[in-house]
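Each in C-alpha cells, the structures are laid out below.
Same chain, two partners: chain A is paired with chain B first, then with chain C.
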Partner chain A sequence: MTDTATHTTGEKARIGAPSISGFTEEGENLSPMNEAASPIGGAASKAHSHGGGAGIPDSSRAGRLTSYNVDDFPVLTGREEDFRFTPLKRMGGLHKNELVGVAPELVVTDANVSTLETVAMTDARVGSAGTPEDRISANAWKHAAEAKVVTIPANSTGEQVTLTYTGTSTEAAASHLVLIAEANSESVVVIDHVGSAVLAQNIEIDVREGAKLTVISLQAWDEHAIHAASHLAKVGKAAHLKHIAVTYGGDLVRLTPSAHFEGEGGEVELFGLYFADAGQHLEHRLFVDHATENCKSNVLYKGALQGKDAHTVWVGDVLIRKEAKGTNSYEANRNLVLTEGARADSVPNLEIETGLIDGAGHASTTGRFDDEHLFYLMSRGIDEKTARRLVVRGFLNEIVQQIRVPEIEERLAETIERELAATDS
Partner chain B sequence: MSTLEIKDLHVSIETEQGDKEILKGVSLTIKTGETHAIMGPNGSGKSTLASTIAGHPRYKVTSGTITLDGEDVLAMSVDERARAGLFLAMQYPVEVPGVSMTNFLRTAKTAIDGTAPKLRTWTKDVKTAMEALKIDAEFASRNVNEGFSGGEKKRVEILQLELFKPKFAILDETDSGLDVDALKVVSEGVNRAQDENEMGTLLITHYTRILRYIKPDFVHVFVDGKIAEQGGAELADRLEDEGYDRFQNVPA
Partner chain C sequence: MTDQIAQDSTDAGVITEILEKNPELQGIGNYEYGWSDKNDAGANARRGINEDVVRNISELKSEPQWMLDMRLKGLKYFDRKPMPTWGADLSGIDFDNIKYFVRSTEKQATSWEDLPDDIKNTYDKLGIPEAEKQRLVSGVAAQYESEVVYHQLREDLEKQGVIFLDTDTALKEHEDIFKEYFGTIIPVGDNKFASLNTATWSGGSFVYVPKGVHVDIPLQAYFRINTENMGQFERTLIIADEDSYVHYIEGCTAPIYTSDSLHSAVVEIIVKKGARVRYTTIQNWSNNVYNLVTKRAVCEEGATMEWVDGNIGSKVTMKYPAVYLVGEHAKGETLSIAFAGAGQHQDTGSKMVHIAPNTSSKIVSKSVARNGGRSAYRGLVQVREGAKGARNSVECDALLVDQISRSDTYPYIDVREDDVTMGHEATVSRVSEEQLFYLMSRGMTEEEAMGMIVRGFVEPIARELPMEYAMELNRLIELQMEGSVG
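Coming up: the complex of A and B.
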C-alpha cells in the first residue's frame, strides 16, 4: 500500500460560485501564504523567481519563466518544481548537452489538402504559437537544425493526416514542428513516434480563429527511447483544440502540453492515456492558461501502471487569470495501479485569480487493482486473465473512445492486450 | 437435484504467530431446495466457511473435503467453482475500479453459462431483476460497487444471485447493515431465486431477524469452529430468546 502515492481531492471540488467564502467580486482573497514574499516552493522554487513580475508568487504558474534562449534558464538540478519528479540522470543529456544527433525522420501520410514544408528556424512561423517553458524545450529550440511546418488550409474540412516520426539513432537530437490549423478548418492530425531516439522536441500548435483541430500524439517508442516533448498550443477566437496524448513506449517520456487562449470563446480538451511498465518513467505535465474571457477547458488523463519501478507523473496546472472572466474549467487525473512496486504521482494545481467564472474544478484519484478485486471477479466465474483485461480496458476506455480514429483505437486495444500479456507471464 | 457436501473440514489461516485453526471439523450436506441457516457468535468461523467454499486464497484447508455432486470443489480454482454452480454473496463486496456493472454482469454471465446471453432478453432480465430489488437503473452504468452504500452493495449481490442462477448460494451475513425495508426486498430476492432456479441455500447470519423472511429448513449453531447444535427452524427461535451464552459457557 505504501508504495502508491495517493492524492485524493473531492470528486468535484467545484469553485466558482460567488457565495464561497474567501471569494469576492474581484477574486479570491489570497491567503498570506500565497503572497509573493513567501514562496510555497521554498528555496528550490527561487530558481524561477526572476521569471515572475512583481506581486506574482514564485509558486504561481503565472510566474514561470518562458524564453527562446536556453541560457535564460538556470542549469537544472532536479530540485526545481517542474523537474522534481524527473530523473535527470535518465534524460540522456537532453537538458544540458548539445543536441546534434540525427533527429527522427518525419514522414507524412494521407495528406489530402494539408501541406508540409521544411523551413529554417528563422522562418516567421517558428515561434508564432509558443515560447519554451522549460530548459529542455529551449535547448531543443537552440539545436533544431530546421523546422517542419504542416498547414491545414483555411475552411477545409475532413482532413486526417498522419505524421510519423521514426527514430534510428540514440544520440541526443532536437526537432521542431509547427502545426497550423488555418481559420475555420476542421482536421485530425495524428503524430506517431516510433523506433529508438533520444529526442527533445517542440511542437507548436496554432489553432486559428474558428478552427477545429484534433491532435493525437502517440509516444509508441521502442523500450530504450528517451523523449522530452513540449506541445505549445495557441488557441484562437472560437477555436477548438482536442489534444490526446497516448504514451506507452520508451524508457523515459516527459510530455508537457500547454494551451494558451488567444481569443474569446476558445475551447480546449486535453486527454491523455498512459500505460507504464516496469522501470518506465512516463511524465505528463500540462498547463492551461486562461488569459481571455469566456473560454472553456476540460482535462482528463488516465493511466495504468504495472511492474517494479513503473513510475508515472501527472501534473495539471490550470491558471485562470484575472482577465479570464466567464472561464469554465475542469481537470482530472485517474490512475490504476495494477501491481506492487509501481508508483503514480498526481498533482492537480488550480489557480484562480478571478471570482467571475462559470466554474473550475479538479480531481485526482489513484486506485489499486488487488487480490480482493481479482477474487471478487473470479468468484463470479471470470478467469484471471479476463478479469485483468476487463478492469484495464474498462478503465482506459473513457480516453480511447475520445480518439475516434478506428485504426488507432484498434492499435491501442492491441497494445493494451500486449501490455497485459506481459503481466501474466 | 444437486448436493453440496462438506465433510470434516479443517481450515487454517496464516497469522504472525503461525497458522491458526479456524474450522475444526465441520460436516454439512445441503441439497437442492433446502435452506440451511448457520448461526453463531462473532468469530465462530461462519464467514470462514463461506470464503473457503468460494476458494478465497487466505484460507487453507488442512483436511476434509467439499464436493459438489461428487466433484472435488477444493481442486477447483475460484472461477471454476463459480462456473460449477457455487455463488457467494459477500459480506463486504469490493469496489472494482474501471468496470461498469453492465459489463461485469454480462461478462460473468457469459463465463458461467459458457455462451454469451442473447442481448435482448439479457437486457430485459437485468432490468426486471433490478426493478424487483428496487435498484436504481442508473446503477447499471456505474462501476462495480463503486460508491454504493452498504445496503446497495447487498442488493447488487442478490441481483447477481438472481441473474447467474447458481446451484447453491452461500449468503455471508447478507442481512447485516440492512434496514427493515431493504432486508425484506433482499429476502424476497433470495426466495425468488430459490423457487425459480432450483437452488440450495446456505444462509450465514448472526441475527434471527432475516429468518422471518427466509424460512430455514435446518439451523446449525456454530461455536468455536464446530457445529455445536443442529435443529429445525425452532432452534432459531430459541436462540432469539436465549442468545449464544449457553454454548459459550460450556467448558471446552
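Coming up: the complex of A and C.
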C-alpha cells in the first residue's frame, strides 16, 4: 500500500472525467473557430456551450436587431449566433475598423433605359429598402462615402444591365448601391465583382409593385479578396424578385441576402451556387421574412467543395409571421463534398407563427459523390474522370440554368470545368 | 395584436358553445393527475440553494467525500453558468423559491402495502401497482419528491446479475462501478441545469445489465412531484454491458399549483459493444412544471441507442436526448413527439454526434401545436473528422391545428468529413378543410375527425411504444384535442 497517495491522486482525476473525446469538465465547445479571437477566452468563452445544444440560435429571428447605427451593435466576438461560423480574424477588419480604403470602381454596361446616379448617403432613396441586420453592414453604411442609385423606369421591359465592380485595393473599404425596379418594370441586373478588394458592401434592392426583377450577383474575386455583402430586398405588392448568388472567388466571402415582403402576392426566389476550393471560406446567410399575406418564397442553394479546409456555410432563416396567412415557402440547400478535408455547414431554420399557411418546408443534404451515378456512367463506357465531371456539372446545372443570361451561363460552365480540372491534377 | 385577441376570444366562444351543447364534455380534457396529497415534509422543506443545502443533502445520504466534492463543484458551475439565451422563456424560474430536497418517507418499501397510505394511494390512482401485478414490467421504481419510495425487480433478473436500484442505494452498494461512470457522459459543468442536478441530485434509477443478458420486459420508473415549488433532480445512470438489451420506461406527473416547480434530471447511458438500450419517456407533467432535462448516451462498437421521447405535459420543456457514436457501426435513433397546448412551449429535439466511421443515426420528430401552444424542433447532427461513411437522416413534421399556434424548426448540421450522407426534411402542414370534410362526410363529428387526423399523424411513433403506452398516448391525444375545434 505504499502507492496509496499516488493512487488517490490518479483516481481523483479520473472521477467524473469525461469519457467522450473533445469533452472537458464543461462539456464541449462546438464552435472553436473564433475561440482565440474571443476577448475573454478560457472558461468564460465557453459560456455559450449549452451542452444539450451548443451554440443554438436566439429564440427567434424576429427579435434580431436592425439599425443604421453601427454603435447599436455590440462589438463582435465571434460567439454571436450569426457569426459563429465566420472566421473574424480573416475579415480584414471589416467588422471593426474605419473603412476608408478605395472602394472598387463601378462601371455600368449595356444600360438601355436604366439610369445611374451618384448621390450622397443622405439621399432619401438610401435606406428606403432596408436596414442593416448586422454590425458589418452597419459599419459599411457609416463609412460609405456616397451611394450609387440604379433605377429601372416604370413599365419598361427587356432591360438587361451589367454593373461591374473592379477592385484594385487591399485596404478595407465600404460601398453602397441602391437598385430600384419601378412599378411594373421587367429587368435583369447582373452585378459582377472582380479584382482584389477588402470590401463591406450594402446593396438595397427595391422591387416595387408589379415589378419583375432578376438580380445575378457574381462574387468572382481574385484569390485574396475579402467581401462581406448585405443584400437587403423589399418586395412590393405582386412583385417578383429572383435573386441568384454565384460565389467562387475570394479568400472569404460572406453574403447575407434578406427579403422582406411589403405587399400581398409578392414572390421571391433565392438561388445560389458556390464552389469552394482549398482554404476558401464561402458563407451565405439568407433571411426570408413573410410579414404579409399570400406571398411565396422558394430557396435553393447548391454548393460543391474541394481541397483542404474549404469551408462553406449556408444558413437559411425563414420566418412566417402571424399576419402572413396563405404563405407558401420552401427552402433547400444541397452540398457536394468532393475531396477530404472540406467542411460544409448547413442550417435551414423555419419559424412559423400561424397555422393558416399554404405550406412550408425545408430540406438540407450534404453528401459526397453518388457512387451509383458514377457506376452507371462508367458502365456506359465513360471513364471515371469524365463521369465525375458529369455528375458535378449535373448537380450544379440546376442553378446555372436559372440564370438565363447566355454569356454568364457560359462563363460559369467554364469556371466549373476549370475548378474540376484543378481537382484532377 | 388585435387580430390575436379577436381570435382568442372567438376560440373561447366556440369552446363555451361546445360545452353548453355537450355538458358531458365538461371535465374531460382537464389534467387528471392534478390532485395533491397532504405532505408535511414537503410543506416544511427549506427553499433556496447554497452550499449548506448541498452539504446537507450529502450528509443526509451519508455519502462518500468524493460525491460531496462533486456536488460542490456542480454548485460552483451552476452559479457561474449563464441561463440559456435561446429556446424557451425561463425567466419565470425563481431558484430561491424552489425546495431542493424533500424527504417524504424514511424507508424504501419493496411491497406496496409497506408504503405510507397517502403515497400508496397516489400510485394506486396512477395505476402503477396494477401494472406490476399484471407482469407488464420487469421491475418498478417509484420516485416521490426527492427519493425513490418503492423498488422491486423480478427475481430471475436479479439472479442473472441485473442491478436495478435507486441511484442513492446504488452509490452505497456499488460504489466502484458507480464511480467509474458517474458524470463521464454529462460532465459536471456541461450546462447550468446539469450542474444544478449534479449539486442537488437525489433519486433516479441505476441500471446495470451484465454481458449478454436480455431483459425482455421493460423496467419502469415513475416520477411524481407532490409539493408546490418542488425541484426534482433525479439522476439516472444506465450501463448496458456487451451484447445486452434493456428497455427502460419512465413516466412523470405532478399536481397543479399556482406557482411553478422545476424538474431537472440528468440521464447518462453507456451502451457497450453490441448492446442495445431503448429509453422511453412519456412526460405528462402538469402545466406549471419547468422540465429542463439533459439526456445523453454513448454507443460503443455496434451498439444501438434508441430514445423514444414523448412530451405531452409541462409548462416548458427543453430536452434534446443525445447519442455520441464513438464505436464503429454504432447506431443512434430518436423518435420524438411533442404536443403543445395553451400556455405550453415544447422545445425538443435530438443531438447525434458521429465520431467513429460507419455510424448511422436517424431522428424522426413529430409535433402538434394547438390552442396557442408553441412547439419547436431543435437538433444537431455533427460528423467529426474521421467518421467516414457516416449516415444520418432527420425528418421533422409539424401539424398546426389552428391559427394561433406556432411551430419552429432549428436543425443544425455540422459536417467535417467528406465521406458522409446527410439529409434533413421538414414539413409543416395544417389540418386541411378537405381532410376534415372527407371524414365528416363519413359520419364523424368534427372533433372525432380532428382526433383521427392527429392520431394518424403521430402513428409512426405510437407504434414504437409498448401496447399499453400506445393506448395511453392515444388517450392523452384525445384529451389534448378536446375542444380544439374552432
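Keep this in mind: the second predicted complex is superposed on the first by the 356 of 425 C-alpha atoms of A that agree within 3 Å, B and C clash if a C-alpha of one lies under 4 Å from a C-alpha of the other, contacts with A are read in each partner's own complex, and residues count from 1 in each chain.
Criterion: a residue touches a chain if its C-beta (ideal position, glycine included) is under 8 Å from a C-beta of that chain, and two chains touch if they have at least 3 such contacts.
Fair warning: this is a prediction, and the values are worked out from it, not measured in the lab.
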_chain B versus chain C, judged by how many residues of chain A each one touches_ = C
*Where does A:Ile352 make contact in the superposed view: on chain B (first), on chain C (second), on both, or on neither?*
second
*Who does A:Gly394 touch here: chain B (first), chain C (second), both, or neither?*
first
_Once chain A of both complexes is superposed, is A:His240 in touch with chain B (first), chain C (second), both, or neither?_
neither
*asked:* According to the stated criteria, A:Gly367 is in contact with first (chain B), second (chain C), both, or neither; which is it?
replied: both
_Which superposed partner A:His281 touches (first chain B, second chain C, both, neither)_ = neither
*Applying the touch criterion given at the start, work out whether A:Gly341 contacts chain B, chain C, both or neither, answering first, second, both or neither.*
second
*Considering only touches as defined above, state whether A:Arg380 meets chain B (first), chain C (second), both or neither.*
first
*Identify the partner contact of A:His193: answer first if only chain B is touched, second if only chain C is, both if each is, neither if none is.*
neither
*Go through chain A and flag every residue that touches chain B in one model and chain C in the other.*
367
_Please output the residues of chain B touching chain A within their complex, sorted ascending._
54-57, 77-79, 81-83, 87-88, 90, 93-94, 96-100, 103-104, 107-108, 111-112, 143-144, 160, 164
*Could you please specify the touching residues of chain A with respect to chain B in the complex?*
336, 367, 369, 371-373, 375-384, 386, 390-396
*How about chain A: which of its residues touch chain C in the complex?*
12, 15-27, 30, 43, 47, 49-60, 81, 305, 322-323, 325, 335, 337-357, 359-368
*Enumerate the contact residues on chain C facing chain A in the complex.*
3-4, 66, 70, 77, 80-82, 84-89, 179, 181-191, 194, 294, 298, 318-320, 322, 324, 326, 349, 351, 355, 369, 378-380, 382, 384, 398, 400-430
